[in-house]
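What follows is a single structure, and I will ask about it in a moment.
As written, the chains take the letters A, B and C, and residue 1 is the first residue of each chain.
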Amino acid sequence: MNMMVGLEVHQQLATERKMYCDCPTNYQDVPPNTNVCPICTGMPGSKPLSPNEKAVDAAIELALMLGCKVVVDKPTYIQRKHYDYPDLPSGYQRTSLPIAVDGELQGVRIREVHLEEDPGQYDPTIGSVDFNRSGVPLVEIVTEPDMRSPEDARRFLRQLIRVLEFTGKVRPEAGGAMRTDVNISLEGGARVEVKNINSVKGAYKALKFEITRQKAKLGRGEAVVRETRAYLESQMITTSMRLKEMEEDYRYIPDPDIFPLVIDDAKVQNIREQMVEPPHLREQRLVEQYGIQQAAANVIVSERKFADLFEEVAKEVDPKLAAMWFRTKLKKVLNYMKLSAADIEFTPKQLITLLQMIQHHKVTPEQGELVLRELVKKPADPKELVQRLGLERIEWEDLELAVKEAIRRNQKAVKDYLAGRKEALNFIAGKVMELTGGRADPREILKLLRAELLKKS
Amino acid sequence: MAEERQKEIERSAEEIVESFVKAAEGLPSEREMYYSQEAYNVVRPDGKPSSSEERTEFRKRFIKIMPAKDEDGNLRVEVAKWVK
Amino acid sequence: MTKAKLDQLRSGELSPVENVRRALERISKLNPKINAFIEVNNDVVAQAEALERKLKRGKRAGKLAGLAIGIKSNINVNGLRATCASRTLEDYVAAYDAEVVKRVLAEDGIIIGVNNMDEFACGSSGETSAFGVTDNPAAPGRIPGGSSSGGGAAIAAGMCDLCLGTDTGGSIRNPASHCGVVGVKPTYGLVPRQGLIDLGMSLDQIGPIASDVYGAALLLEVIAGKNQNECVMLDVPKVSYADKLDGADIKGMKIGVSPQFSEITDSAVMDVIDKSIETLGDLGAEIVDVELPHIEEAMPAYYLIVSVEFFSATRKFDGRKYGKRIEDVCGDEVLRRILRGRYISQKEYRGKYYQRALQVRTIIRRELMAALEKVDVIVGPTVPKLPHKLGTKLTPMEMYAYDYLTIPANLAGICGGVVKAGKVNGIPVGLQVQGMVLGEEQVLRVMRAFEAVS
């Protein structure tokens, strides 16, 4: 089925003060209507403070992250967008003209990025409003309708979240810091907008429901009506909001109480220089610069510090080996111990030493993993750890002796193997492992065993 | 009655609009003057937010004048029409 | 008079408590007929007593120490009702102090009560308040002007020492002229608007109404100056005007007069103004002709702009957080402006109406700026006609016509003041003095020089 899906993503920015007043932004931590003042509650006569500079800069940075062109040398007015809703204390929302346009992420075009303020929190089922959230800075990211399925949308949103969180300039996702409106039209039909979506899962479910609903309508011979619907999370359905047509004209005017912003090239350059490399771009660079696999690079950039550590290590260790270790064993250990890369206490030098030992076959990969675990638990010089754990790689002659010994002691298994039962080999290999105290590479054990047993057959 | 009054007022509201259109007829196009002064990028730094002491008084008064409220301090308003 | 009273208060000849009691007495006696006050502050005597104690302890007396001050009902005074003379906010007890109120209190001014006004400042007569019309003490039975009707009347009747009014299209200067008192509309952006309930955000200014130029200058310097907690303000630190008024001398000053004024104004009014201009010439000023060819177009442009801004400003009056939904309870003119604003700000009409009006605004501003390059101030009538009798039915257009001469200053953002020039059949006529952006000093000097000889 031919469909076009576009998203309008509202993302809260990580600032301490609200956009147009100095109230705190930690709206979830306090009782209702506590982080409020005459400005963010729309009291008669209240006037906004000048815009929060950190929010403005963050919006520019996020736009650059998404490959957008920042609008420079033109007045970017903060406008009043008028509509009637209980969570909007002044009856209008302050929203800027686009501060950037024409970006792209994962094949989806970004139409524009602009600054907004969050309205309060309205519970439409009970009819209660809490203005703690009113005035928290938001950035709105509008895409072109380039997505073709709920899966596309889900994939895009997940990637978008990663990119945004990577900057450190947005509030973490938990608890509605990111909200999405989805726009969908099927087979060139009317565009339906679905609001009130607070999660990636919600966006996916809302789209799936809409497709079902609209297909059913078309199946009955009815046309799909252009409308705004609300997503109801608990039931995973969308329902018509029946907004009056009048509301569609927001009667935008530049806010007379706020001077316009004019962004210049110097500012954009400044922000660009201080910016953290976005993960999707860093991923590409790692693949190209270090010749590692896409999948590994993808895991590595999942956390900025993880990627930083990788690049440090890749200076002195074979990058492909390092990438493999980062992607599998190190990630595994961190996950198991419920640590993030930021929690790592060992030094890059220590990890480099370990990986060099592996690279030069001084320890087996399995031994290396044991050492790694210790390293994460309590940092120490890997060479010492290897000694302490008794993990020095066994000498070749000793291994040969051990293999011969194991064969001598396990004649029945040898007979089984020679009779065609391959699994008997593993049994004998296990015995060799015992004899060598785990200091031999299992692959080498098997190789030697096969060679020895071949002589016997 | 109320509708009649509104219609009457709407009608009388138009007079000055028409008068303006006539008055502006011969005048050239210009830049629009939105603000009395040319000022840009008046922004304020982020930082320590207002303290809870500063806000307690206002919170009390704000909640006091609410037409409807609950015991937690939420404002009570209408239930959304589209809620089932 | 203001200076004399301040001297009395400072010397101890008159105590703040006594001053306040006298004011309360006058209000109680006269307000039932004049209706200049919507609410009297019950706490004033206690505040005056506290001030006295403070002064006895040797603390520095503020510039307004002991003076009784009325505040227009669209300015938030914590604890008093800021009703905007409308049923919409009739029970709204202000939850915070406007910045200007903070400044008045910081200089030991005593806020005696809340002044009546035209509803939501949408008027030029003082007849549209939901709490009854205000009478003109200087011309009883006639309108006091508006929208700061209560302020003008209170000063004219001696009910208090100073008042704060607001001026969007003439709402301080108009009542000052009709009531025969002094009023000043400051340069846009000089006085903070935090706490002023909007009529037109790009036009509103709070300013003083007083019985003399000194009083107006003093109150103005208290409230003027940059407010960090506001975006759209001029970057001006504290200013002082009152101490520069002594021996105000206008010799050599260039005073502009526009022939367009006589075209718009009734001859009876213009006669008084012409005489005043002669007086200024006699005082040594040079009278210069200035052209303001499009001054008449300012009025309709203004009404389009203010309607759009007022529509926007009133969206918060939805009755959910406080007060009532404005469209449900407001008067005709308020509704007229809301509906007009709503209509012309629609997407398809914006260019034709709102934006076009803002273009005309540019033209008006340019003309005034050009004129003020040639002269120090522009002088002329405040209102084109005499105040009508209370109860006379006027069409909206006839009412708007009062604003022809005051609106240009608001559109351009410049300053303007009014001082009593004379009378016609006992009805006061005010002389308007307009000055450059931040030209308050020159304006006040001309006003003072004129006042001293009239």
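Basically, a residue touches a chain if its C-beta (ideal position, glycine included) is under 8 Å from a C-beta of that chain, and two chains touch if they have at least 3 such contacts.
Quantities reported herein were computed from a predicted structural model and do not represent experimental measurements.
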Indicate, using Cα centroids, the chain positioned nearest the centre of all protein chains shown.
B
Chain pair showing more contacts of the two, B-C and A-C
B-C
Approximate Å spacing (C-alpha centroids) for the pair chain A, chain B
38
Here the gap between chain B and chain C, centre to centre from mean Cα coordinates and rounded to Å, is 23
Averaging over Cα atoms per chain, report the distance between chain A and chain C in Å.
57
Among all residues of chain C, those touching at least two other chains are 92, 95-96, 202, 231-232, 320-322
Residues within chain B bordering two or more other chains:
34-35, 39, 42, 58, 62, 75, 77
Residues within chain A bordering two or more other chains
38, 41, 43, 49-51, 86, 129, 256, 259
Chain C - residues contacting chain B, complex
91-93, 95-96, 188-189, 202, 231-232, 234, 294, 296-297, 300-301, 303-304, 307, 319-322, 332, 335-337, 339-340, 343-344, 352-353, 355-363, 365, 395-397, 400, 411-413, 437
For chain A, which residues are in contact with chain B within the complex?
15-18, 21-25, 31-38, 41, 43, 49-56, 75, 77, 86, 122, 124-131, 230, 239-242, 254, 256, 259-262
Hey, which residues of chain C end up touching chain A in the complex?
74-76, 82, 84, 89, 92, 94-96, 98, 193-198, 200-202, 229-232, 308-309, 311-312, 314-318, 320-323, 342, 345-347, 354
The answer for chain A against chain C in the complex is residues 38, 41-51, 80, 82, 84, 86, 89-92, 129, 249, 251, 253, 256-259
For the complex, which residues does chain B have touching chain C?
5-6, 9-10, 12-17, 19-21, 23-24, 27-37, 39, 42, 58, 61-62, 65-67, 75, 77
